[in-house]
Each structure stands twice: as structure tokens, then as C-alpha cells.
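In the two assemblies presented below, chain A is common to both, partnered first by chain B and then by chain C.
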Partner chain A sequence: MYKSITFALTRTATAADQTAEAVKYIRRKGRSDLSARGEPFLWGLGGALAFGMLMIFGFLALIVWNGLVTFYPKPVQVVTLSDGTLLAGEPSRSEVYKPGPQVLEHLDEPARQAIAAEHGYARRTLFRTGNFDLYNEDFRWASDFSIVSVAEPADVYFIERIEWGPFVGFIRSLNLKGETVSGAALTRQILEEAHRRAVQRRELIREIEREEIGAVNHRLNSERLKLKRIALKQGENSDTYRQAAAESLALQETLQGRYHDLARDAQAVKAEDAQYTVTLAEIGGRGKTIPLSQVVRFTLPNDMSFFEKIRLYLSRWLEFLTDEPREANAEGGVMPALFGTFVMTVLMALAVAPFGVMAALYLREYAKQGKLVSVVRICVNNLAGVPSIVYGVFGLGFFAYICGGTIDRLFFPERLPNPVFGTGGLLWASLTLALLTVPVVIVATEEALAAVPQSMREGSLACGASRWQTIKYIVLPRALPGIMTGLILAMARGAGEVAPLMLVGVVKLAPELPLDGFFPYIHLERSFMHLGFHIFDVGFQSRNSEAGKPMVFVTTLLLISLVAFLNATAIVIRNRLKRRFLIGHF
Partner chain B sequence: MEAARKIDENDHTVYHIKTTGRGPLIETEHFCLWYGSSQALFDVSMDIELGLVTALIGPSGCGKSTLLRSLNRMNDLIDGLRTRGAVRFDGHDIYDRDTDVIGLRKRMGMVFQKPNPFPMSISENVTYPLKVDGIHDKTVLAETVERALQGAALWEEVKDRLKDNALGLSGGQQQRLCIARAIAADPDVLLMDEPCSALDPIATARIEELINELRGRYTIIIVTHNMQQAARVSDNTAFMYLGRLIEYGETTRIFTTPRSAKTEDYVTGRFG
Partner chain C sequence: MSRKSYGYTKAFALALLLSMSLVSAPQAVELDPGLQDYMAVSGVSGNLKSIGSDTLNNLMTLWSEGFRSHYPSVKVEIEGKGSSTAPPALIEGTAQFGPMSREMKSKEIEAFEQKYGYKPSSIRVAVDSLAVFVHKDNPIRCLTLKQVDAIFSKTRKGGYEKEILTWGDLGLTGEWAAKPISLYGRNSASGTYGYFKEVALYGGDYKDTVKEQPGSSAVVQGIASDKYAIGYSGVGYKTADVRTVPLAVKEGACFDATAENAYTGDYPLARFLYVYLNRNPNEKIDPVRSEFIKYIFSRQGQQVVIKDGFYPVSRALADEDLKALAVR
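Let's turn to the complex of A and B:
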């Protein structure tokens, strides 16, 4: 380019009449050399980035928006249909559809013309009507042409229940131990006070059944196992066994007595609780009486101020985060799944970090770099491409059946044939995921180790340090930020993995958390719940996928947030470490 | 004093070194070295006098750094390395099977081309050789820090910020810190691999001054590209060319009246 310009300029200087031509020559040359200037590539590269960003942010926006609005109370509409029936529910979405010929036949002329004007299409709205126990459905479509009028009455209740999903309708009366309150006497205060007491009773029953009877059962079971253990060790005819059996029998009787007492207590509270009921009426007038303790909360969605709505919104989030699921996971909270995901990811990180780092250290620092090491490296990289379900099969076969089976035979012979470790569980799931993510850690660690300048190693060795001292004092601290990056990637991959977990310990509904008050407090052998599997279960395995859809978004949002939280923690740690090495980079 | 001798009939090395009469500390005998299949050192035989400063000069790729790194077996890190002949340190062949390489390196401090302080505090850098030796006594460490930093003429500049990160020092200070680290464990030998090539002239002058101060306390072997530097700081100079030791003699003689034609060509700047 420069050459042609200088060339052109000399020509201009010598012959004035050639000036115009020379300028034209420069311009033409500049314009035709587009590929040399590189604009199309720049546009291509920028476009690729923009496209990628658009997809990522679009996806995140979809998840975040849908996840955040789910718990916000929506108005309940009462719709009068053209056939005279009433329908009450939350409008959840609307769409355009093509009504069939039979439907059109029964329509009056103006409606038919309106549809014809839209080329045979009409609009319809899906209402969440609730009252599954009465209607046998949760949602109902209403076409716009069949709607006569829409109202939002202030006194229509949206009642969340423990069973059967929400109830949409009115409260007819309150039955408090034989005393019936209805009409104007049924104030908001009376309702709330009665409900508060009912919730207390529900929690009391739960506490007795879960905690106290659970503890008695646990002790009974461990007594039985202790005895069986002695029987297996000493034989059933030994003196030790006879003595232990007698002692155990006495203890079991005491425990049985305690159990009966507790069961009677629980029964008494239940009988008391059954006397407090509420009679509800759906929009068509059909009544339904349920115990007050079956109600999670009463809301009047059409008669709420903004702050009341926010309060309800937050209380629903709190319930979601801290409660156990109900209604086949479609309602209630996800605390066990959240906890299970968290514990499993942390355990996986604890297992994968030392393992991957040690393997990479050997590969990079000790192994003689040759063909064999290259082959090993390629194999490690390829492991990252093995379908995760294969790891699940391997985990089930190797960890659960072989390792767990051996542990059971050696340490828990009294429990056989019931497996303890010999089936899927938290520990095996973590180890399976650790195996799945170990290539990520190895590759990242190797890169981090390779980035440590050779001069550092030489300086240390020249000081008379051994190889291991050099690694410990010089190489590892320098490589730690890079190793952390690998760990972050591994955690992100592991936390979002579902397929292998289905084989090695994740269940739809875990009866117990892996952490409780019974020795040894952390039960790594237990099956657990996982947010990823929860999404699959709620979205595709529940009786009503329409009701599960918002929960899918909320749970996805939660899972993404959890992964982001774990990553952010690791990034903060990594940056702390990095700062030590950044001083004086001039 | 001058000791002039010929190693053997086939050797062409011109040999006329200055001695102190205390005898050689390191002797190489027909030392050959291969990286894989390419030979880097050919039949190098030289005695390094105790307590003197010996400079290794020669054009790039002549094997002077390789020779230096062979003395404390830093070349061991390279895969496919082979040697023949012997390197005697205090009469013991360091390429023997039973050599304690770590113990050998502890007796030889090394300073590299580019300053390579560790990403730790200044005092931790200096005490690193003691740390790997398992010495944790605080008073011993504190004494070592002061002695080594004073030995490296860095004490006055850093005594108030010993806990600061060493990477915050200037290039010249970093190199003096590396010298302090190299002498912290009180070695017998100081190996310097072009210690000034990454430094500016003022920092270079300080290092040269320091080498003059350390003369006599340590046996110093310095590889340098800079012939003036070799002339300024060393007692003996070895000129190497294409992996061979061409001439090894008293520095003033090498630079004024070299006996080999190749040496003369190099020191007068005709090639290199």
C-alpha cells in the first residue's frame, strides 16, 4: 500500500496531468482490497460473539423471569360462559387455535363471522381452576367467543392445601369444635387465628410422628441389629447371646411402651384436630369440608395491596426453600433437593480435587515426557467425552455393588439382605461424579503447572530443595489459582449432571435427609434428592405437567443460582490466592 | 603464580591459569555431554581454583552455560542427557551413582540469567535454602537473613520491608536477592549464569562490585557474554568454542596476549 502511494506521488510530481489518474489508482486499490483490510472477518467474529451472547442472555432471561414471577399472586377471574356456567381461576396463558367444525356449528352467527374474519382462528385462555378433588382437572380452556363476561370479585379465595392442590372459591363456614361460624361473623381475624392454631396442631402431630416416634423406632431397630450382630458373631446358643437377648427384650418392651404412648398422643391430637374444619364452596356452589390444618394459607388475591402481595411472594419463596415437597413434588418446597445437590457437589469437589491434582502432578512433574505420557494424556482428555450415563452404570456396578457390597458384608452383616452401602447413595453419587469430572481437573491442573515458569523450579532445585519440596513450596502455590479454575469448571459440570445420578442414588422423594440427629449424623449411604432430577420429575413425571411448568422454571433458577453461588465462592478464593502472585508484574 | 601444562597429547587446550596455591576445588576430566544425540561438550578438562573468580566466555551455543550447569547437576532435569568423563568436586566425582545431588547443590549456590525470586516475602526468599534443610529456629533464620542480605549488599535497602513480597523489588535488587539466597546456606561455590544480562548498566556495576567483595570467600564461576565484564571481575578466564575448551588462562593474559588464534579473534571482536 505504502509503496503504491509513494510510487503514485513520484508520478504526480513528474507529470501534473497524471495526478488525477494516480489518485484514482490509489482509491481503487484501497477499495478493492477489502479482504486485506479485514472488515468482513471483523464483522463475522463480532457477529458470532453477539449471536452467542444473545442466546445465553435470552436463555437466562427466560429462566430468571419465569422463575421470579411464579410465586407472585395472580388475580382470580370469575368468567361467565355462554352456556350459563361459571368458571373461576387464574388465567395462566392464552393462545390462538382453530376451532373444529362441530364447535363452529353450535355457534351463533356473529361469533362465527368473527372467527371467519380471522381465517378460522379463535383465541382461548387457560384458567387454573384448582379444585382437582371436585373437577378432576386443574386447568380448563375457555374460548373467547364463549365468554360472556369476566369479573374479579374481591371475596374469592385462593386456598393452598396440603393435598389436592389449590382450591378456588369461597369460604362458607368455619366449624370450630361444634361451633359454626359463618356469614358476617366470620371475620378475617377469626379465620387467621383458627388457622394459626390448626397449623400448630399439624406441626405437633408431625413432630410426634417424625421426631419422637422416629427416634423410638431408630432405637428399636438398632437394638434388633445389635442382637443380630451378637447372634452372627457368637452363635445363638452362646451365653453372651442369651444374656444380650434378655436385656434386649426388656429394653424393647420399654421402647414398645413408649411407642404406644406416643402413638396415643398423636391420635389424641389428630382427633382434636379433626373437629376444626372449614367448609368451602366452589364457584358453582358445590361444597367441600376439609380439616383446617390441611390449609397452607388463605389468600384473597383480588383484594390484596401491593405490600401484601410482596409478603405473600416472599413467604412462598421461604416455603419453597425450606420445606419438603408435597403433592408428588409439584408443590411445597425443595429443601431436600437443594441440600442434596449442595452436599453432593461439595463432596464431589473434595474427592476430585486431591485425586485430579495428584494425577496431574505426576504427569507433569515426575513422568518422563514421552509417547506413553502422551497416550495417557489423550486418554484422559477422551474420558471427558464419555457419555455421563456410562459413568452412572460404572458407578452403580463398581462403587455400589462391588465396593458397597463388600463394605456391607464386612461391616454390616446383621443388616443383610438389606443393603446399606450396597446400593446407590450420596457417597457413591459423589464419587461417580468425581470420576466424571476428574479429566477436567487433570487438564486444568496440567495447564496451570505448565504455566509455572521453569526458572522457579530451577531456582528452588539450585537451593538444594528436593523435587517434592519444590512442588510443595514453589510450584503448587503458584499453580493454585489455575487449579481452582479447573475445580470450578468441574463443580459446574458436576452440579448440573443428572443422568448418572439416577443410577447411583438420586430418588424422587427421599424419606430422610443425609444429615440428622442420629449417630453418626452424616449418612453418606442414604439416597438423596437432587435439583436436576427434581426438574425432570416435576416437569415430565407429574400428573399435571401444566401445574409443574412454573415449578420447572423456579427449580431451574434455583439450580443455576446454586451453581453460580458455588462458583462465585471458588472464584473469590481463587482471586485471593492470585493476588499474592500479582505484585510487581512490571 | 602461573601453572602452565598440557592435559594430554591430543588435547589442544592452551592452559595457563593463575593459582593461589590452595589447589583446585573443581576438576573436570575429559568431560563430554550429550543432549539426546547431539553432543554439547567435547572433552573438557579444566581445574577451577579454590577462592578465585573464574569466567566462562565464548559465543552463543558454545556450551559455557551447559558446563556451568553440569557442575551442580542442574542438567539432570533434561530428558535424554548423557555424560562421559568426570567432574570432581573436592576430589569426589559428582557423576558417580552414589552422589547426593541435593547435598551437592546445597554446597553450590546458583544465580540465574533472569532474576527468579520466589513469590514470597524477601526474608522467606533468603531463608528458603534453610527451610528446605529443615531449619526453623527463628533466631538462626533472622541472623541468616541479615548476614546474607549484607553479603549481597542489599540489607540497607530492604531491612525495613523484609516482609514485603520480593516481586516488588527492582530487577537489580531482585538479582542481588537471588545472590543473597544463593549464599544463605553458606555454600563453597557460587555459580553465576550471566547474572547481569537482564540488568541495566548501573545494576550491573553493583553486581560486579559485589562479586569483587565476595572474591576469596567463595569460589565463583561466572558465565558471561560481556568480555569487559569477564576482564573486570575474573582471575581466570576460560574461552569455549563449539563445545570445546579452547584456552583457559589468567584473565589479563587471555585479553592481552592470548596464545590461541581463535581466542585472539574472539576477544578482539573479529567474531562472536
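Let's turn to the complex of A and C:
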């Protein structure tokens, strides 16, 4: 027994010695030639990847988080300040600062001691007070030492309005066509019912004005232009002109009559609408009466259940995605910008795909590979490195001023001096971006073509197919997934580009969509809005930059989602093509 | 040069005094009760494109929103990258309106006249106080124009004896004394840049250390995040994070950037905001443009001016400009 244990121990010891020896050997070897083992490099490469991923995901997380929480209702606090005034608003952020001697000398002793206890620092909070029409400011700072008490009363309203931004305060009374409802009689149901009707009236007015009067005005204007065109062509003294003028006058009169009828209808609804008002009161007691239809929604942020909050959150998102911007883009939705970005990217893809693929086909399949082709290839690659704003300048000078100017002189002389195509617009913006992204498509297509085995081409040619037949039936189908990859990259680049667009057609406000019900239905000459520019505009151009900040995150989130959506669509198409190709293969 | 800049201010004050019924309320900006409600007419349709000042960018957008509520079929497009982009746009015919935060230079008028044979027309649409902003914690009480010149300019045409580099040079004590002043301003395409150079810098040159920003709001945001900053921008872009500094022409007589001080002409950097347009004096102005101008000068239009943080013009001034354009 004892013996066997000793034996076992010796054996273990020997084994341990051997292992130690081996480790020593390896270590010695490792020390002598570190790079040969490659492990540090592995760590380095892995670390670089991890760092890259961390940055990308950190950035995405920042945008997604800030974008998602923006529309979630926040509580409204009523703050009593030490000078006796009241302040109501959403706390938006707080910071630590060092009050200067000028501030300190006006403070009372306890406050001064409190600050001294914090080593001279104090905390302050920024409140979104709203009520810009009454206060002439939307945000106000309040230092903690000046705050006596904070409350979150259940009956304080946060009211989103069509104009002047939000109102924070109370509802004093409701005036429904002379009948005043206030106090306990003013229930939530009455308020919601009255508001629902007011919104219906607002939409009715909008429909009459936008749709019906819009159509009449459009016809009136086109009549005017038609006449001007005839005058330009035939002269004002010609018979044709006189006849046309007489006809046009008659038509214009009927149209004017129709306009007056519609305007009277709209006016009647407006007069009716003006009789339904709501009287609001801010926290200090000052009142404000506004038409009920000016209210987007009433919310009681301190008295909402979780589901009500989610409902409000979703309804704000819906408004953001489907409405037009209001108040110089600071409020409302981004539908025109979303649509503009989408249409422009699709048009760009339609323009860039054929040109890029054709150029690459010639370069790879037809051209004799030599010095000239190398030079062309280098030039194409270099084009990808030209700053995008240069393309913008080119687009403005060549497309808008030269091409567009010529089109205007030839086809729209009656509209001059107002340009139609002779200024930035959707078409020119798409073409400029197509130019910007064409190198990406060429390079990707060339690579995809080069990846098709030469033996397949030879086989096809040997069977008697012509060069074009070979390309069409053998080479292109196999290269298609690679070409799609190039197109995806081009679209991603194009959708996120802003600098050149600012010169060739993207504007701050263009609520008219490039698609509508008037002939020719798609209006390529129109300026449009773009999400990328919208971000710049809201972030750096809006009057109230503080309120604009959260909107910047939301819009950025939307732009990233749109690019992801476009890419995902292209990837799905590519995968389908790949699958078809595989089935065809076997 | 200094005489010229005083001329500016004086002419401005005179124009306002002649036409303004002085606003009595101390804080709230009020409309001239004489301004009339806007009445919509029929048959207004077409395109409106405005290219020009960034200061007026939001104002033009708000006006066009209001205008479109009367004429839904009017297509409006607003672009604002700086006042200097307005004259070329009017000359090229790419825009109907050219909002500008300064008057057109004689060179620009000449270029326009060369092409069309007549001068561009202008209307004075709002009053702005060009404000000098500092961070909200900055204790500075008042600056004279000469001090402002010595802060922003390397030529010091105002005649201040030495260059001002730190807050201590302006008399601040404690932690502020040794801190260098960080300068924010607009890019050179901006009319605000030109006006400030003309009036506050007495025509001199900016220091190279001024951080030129692409927008009025960007200046304010820069100052909000930089405690030792100073910068200039339209008063309408004020946020809770910055504060305006009262300015004085003569030492001791400080005036803050308020509506009242702008109207009386006491505030030295008060100015008109303009909208330029191409109008052939021998032809009637087309209905879209004339209605838009009428809308700007209506009660609703000037209410929008207040909403954007600027100050409205008076009935008398509006009538004068409407008459000059032969818009009834």
C-alpha cells in the first residue's frame, strides 16, 4: 500500500518535471522568436476589431437611445422659487456650476453655506417652460439653492400647439359656441369630444384649401401661362392670341367663380371654427385663449398610466413620420424629407446602375487591356476620392445652369424669368449623386466580372455564341450578385450625402412632394427636402437650438433606418439572384 | 470710417423715429395696432423661391408657412446660406426673393443693373438687434463699441488703446481675469458678418482667431458650450444658455438688446432686415409676389416676426415700402 503510493507520487513528480521542462522549453523558444508564434498579432488584430465594433455600436446605441426616448412623455414639475414665483416645465437636463461672486452676494446665508459645503459648486436644472408667446423664452434655468419646493400636480397640462410651440399650464375654460364650460363640469370626455370635432374642422378646411382650391388655382395659373406662351410665339396682335385670350378670359371667369364659392365654404368653416376656443392659464395665472383647432393634443403628463404613455408615444411617432414640418422645421413631421430622400436615392440608383455597369463591361470585356485602360481605371478610382462638394459645384454649373437653362429657354419660355429646370431640383440632385457614386459601381462590377472564370467564357464562345451572347447569358448572371453589392454601397453613400445636395436642389422647406395629382404627376424639377440636410438645419439653423437637439437624434435615427432599409431590400434581391443562379447551376 | 458707421446708426434711428409709434410696454414686443389683417384674394398660384440670408431663413420659412395657409397651391422653396448668396440668385433669376440681413453693396447693385437695366427693389421687413452674446455665467455688465472692436478686430479702427485678449482686460476679476476670450462669429457669406464688420469693427478686419460658424444658431450653441466665449448673432437666436451684453456708444450709456432700445435707436447694433426682389419698374408685379409682400406687412406677417424673436415694423414704414413697390 505504502509502496504503491510512493510509486504513484514519484510518477506524478516525474510527470510534473517533464511538463515543467516542456513549458520551459516552449518559453525559451517563445522568448527567442515571439513573432513566429503570432499570438501578439492575433491579440492586436482582435483588439482592433473590438475597438472598431465598440465605436460603431457605441455610436449607434447613442443615436438609437436618444432617438427613441425623445417622444416619451416626461413629467412636468411645478417649482416654487425663493423669490415667490412659480415655474412649470419639463426638466430637460441639469449641470453643476460655480456661482460667481456677483451671484453669491445676493444670496441669503443658508444658501451661501450650502454652496460653501459643496466647495463652491451648485446644481441647476434647465426647465422647458414652453409658452413662448407669453414669456418670450422656451427654456429657463433654475438653481437648486433658489428652489423652495418641487411638485408634480396631476392637473397640469402639456399642450402641443400648431403654432408657438407647447403650452404648459392649466385649462381654465372651454368656450363652445358661446357656451362656457369650466370647473368641475369640464370633464376629460367633453374636452376630448370637443377637440376631436375641432380637428375634423381643421382637416376639412385643409382639404378645401389644399385639394379643391389648389386645383382651381393650378388651372388658373396654367391658363395664364398658356396665354403667355401664345403671346410669345405669335405676338399679342395676332388673331390666335385674341381668340385664345377671349376663351381664356371666359374660362378664367368660371374658375374665379368656383374659387369664390370654395373660399366662401372655407370661410364659413373657419368662422364656425373660431367660435370654439379654449382658455389656458400659465402657472403665474396669465391667460391665453386659442382656437381649439390650434391644439395638436392635450396631455396630462403627471397623470398618465403606462399604456396611455405608450399610446401618446406612438401617436407622436406617427405624426413625425406622416406630417409636414411646422414652425420652421422645429416641430411637426419630416414626411417631405423622408420621401425626398427615398425618391432621390431610388432615382440615383436607376441612373447610376446602367452607366456604371456598361462602363465596367466595356473596360473588362471589350477593351484591349493596355496602358490606356489602366489610365482610365486609375482615373475612375481617383474620382472616388474627389470631395463631394466639388461634384455639387459641377452639378450646379453644368446640370442646373447649362442643361437646365437651355431646357427652360427651349420649352418653358413663358415662365421666364422664373426658372423651371434652371435651378437645383430632384433630377439634377439625383444625377449629381449618380456621378458621385459611379466609381463605386464601376469598381465593384469590374471585380465581379473578373471573378467569373475565364473557362466559362471560352466554353460559351466555343459553342458558337457571340461575345454579346456570352456576356448576356453567361457572364452577367454570374456577376449580378457582385454588381448588386456595388449598387448597395453606392446607395448607402448616396443616401447619406448632404454637401453636394445643398447646391443642387435640397432646400430648407419644400412641402410639395415631387409626386402629386397634377400632370405630369412626377415633378423632377422641384426642389426637395432631405433628411441629411434636415438634420443640419434643425441642429444648426433653428431659432431654438435647445428644442432642436432631440429632433436631431430622432431624424438621424430615421435616416440610418432608411439607409438600412434600402440596403436590406437590395440584399434580399441579391440573395434571390444568387439562389436562382445556384439552382440554374445544378 | 467711424463717421460712416455712425451714419448707419443715425439713419436707422431717424427712419424708425419718423415712422414708429413708440412701443410703451417694457418687455413684451407689441404689434403696431395700425397693421391690417391679411385678406386673401383669388387666383394666386405658382412658385416662390427665396435664396439668401441665414438670419432670415426661419422668418422666411414661417412666412411661407403662413402664406401657404392662405394659398395652399403656391409652391414655396426656401434656401438660406448667407446674404451674399441673394444677389447672384436674383441676377441669375433662380429666386424671386432675396432676403438679406444687410443692404446690398453698390457692386452687387451694379451687377444687377447691368443685366436688367434697373435697380433691384427692397423692402424692410423686420427690425433686428444684432446681439453680442456671452455665456450665461459671464458677469460682464457692459461693453462699449470700442471695446467690442478691440475684442474682435486686429486693426482696431475704433481707436481703443490696446488689444483685448483676456477677460481681465475687460475688468473681470477672480477666475475670469486670466482666461483668454474665445471668439465666435459668422462666415463671410453672411450679412451679419458684413454688418458687424461695418458698424462694430468700424470697417476693420476680424482677428484670425474668430471661429467662423455656418449659422446664426451655431454661434449661440458654440458660446453655450464654451464658458469664456463671446460672439455675435441675431437676437432672435438667444437661448437659455447665453446672455446678451448691453452695449454703449459712449461710456456709461449702456443699452441692452431689447425691442424698445432698437426702436429708439439707442442700441447701437439695431438694423433692418431686408428682402430684395427683381421688379421691372415699368411692369406690374406678379400676383404671387405682391400678395406675399402684402402678407409680410400684414398683422399676421408681423406677428410671425415676433414669433421668430425679431421686432416688427410699423404701419407707416410698411405703407412706405408698399407704395415704393406700387403694391396696393
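To be clear about the criterion, the second predicted complex is superposed on the first by the 547 of 586 C-alpha atoms of A that agree within 3 Å, B and C clash if a C-alpha of one lies under 4 Å from a C-alpha of the other, contacts with A are read in each partner's own complex, and residues count from 1 in each chain.
Criterion: contacts are C-beta pairs under 8 Å (C-beta built on N, C-alpha and C of every residue); 3 or more make two chains touch, one makes a residue touch a chain.
Not measured: the values here are computed from a predicted model.
Under the clash rule set out above, the superposition-derived model of chain A with chain B and chain C shows the two partners fitting side by side. Of the two partner chains placed around the shared chain by superposition, chain C is the only one that A:Arg526 touches, whereas chain B remains out of contact. Shared-chain residue A:Ser460: touches chain B; no touch with chain C.
Set side by side, chain B and chain C differ in how many residues of chain A they touch, and the one touching more is C. In the superposition on chain A, contact is made by A:Ser545 with chain C only, not with chain B.
In the superposition on chain A, A:Trp141 contacts chain C only, with no contact to chain B. Once the two complexes are laid over each other on the shared chain, residue contacts for A:Asn329 go to chain C alone; chain B is not touched. In the superposition on chain A, contact is made by A:Asn221 with chain C only, not with chain B. Taking the two complexes aligned on chain A, the least Cα distance separating chain B from chain C is 52 Å. Touched by chain B in one complex and by chain C in the other is not one residue of chain A.
Interface residues of chain A, counted against chain B in their complex, comprise 368-370, 453, 455-466, 469, 473-474, 477-478, 580-581, 583-585. Within the complex formed with chain A, the chain B residues making contact are 72, 74, 77, 79, 102-103, 105-106, 108-110, 112, 114, 116-119, 128-129, 131-133, 165-169, 178, 181-182, 185, 191. Note for the complex: chain A touches chain C at residues 97-98, 100-102, 126, 132-133, 136-141, 163-164, 206, 209-210, 213-215, 217-218, 220-221, 252, 255-256, 259-260, 263, 326-329, 401, 416-419, 422-423, 502, 507-512, 526-527, 540-546, 548. Residues 27-29, 40, 42-47, 49, 54, 57-59, 61-62, 64-65, 68-69, 71-81, 92-96, 136-137, 139, 174-175, 213-218, 220-221, 224, 236-241, 278, 307-309 of chain C are the ones touching chain A in the complex.
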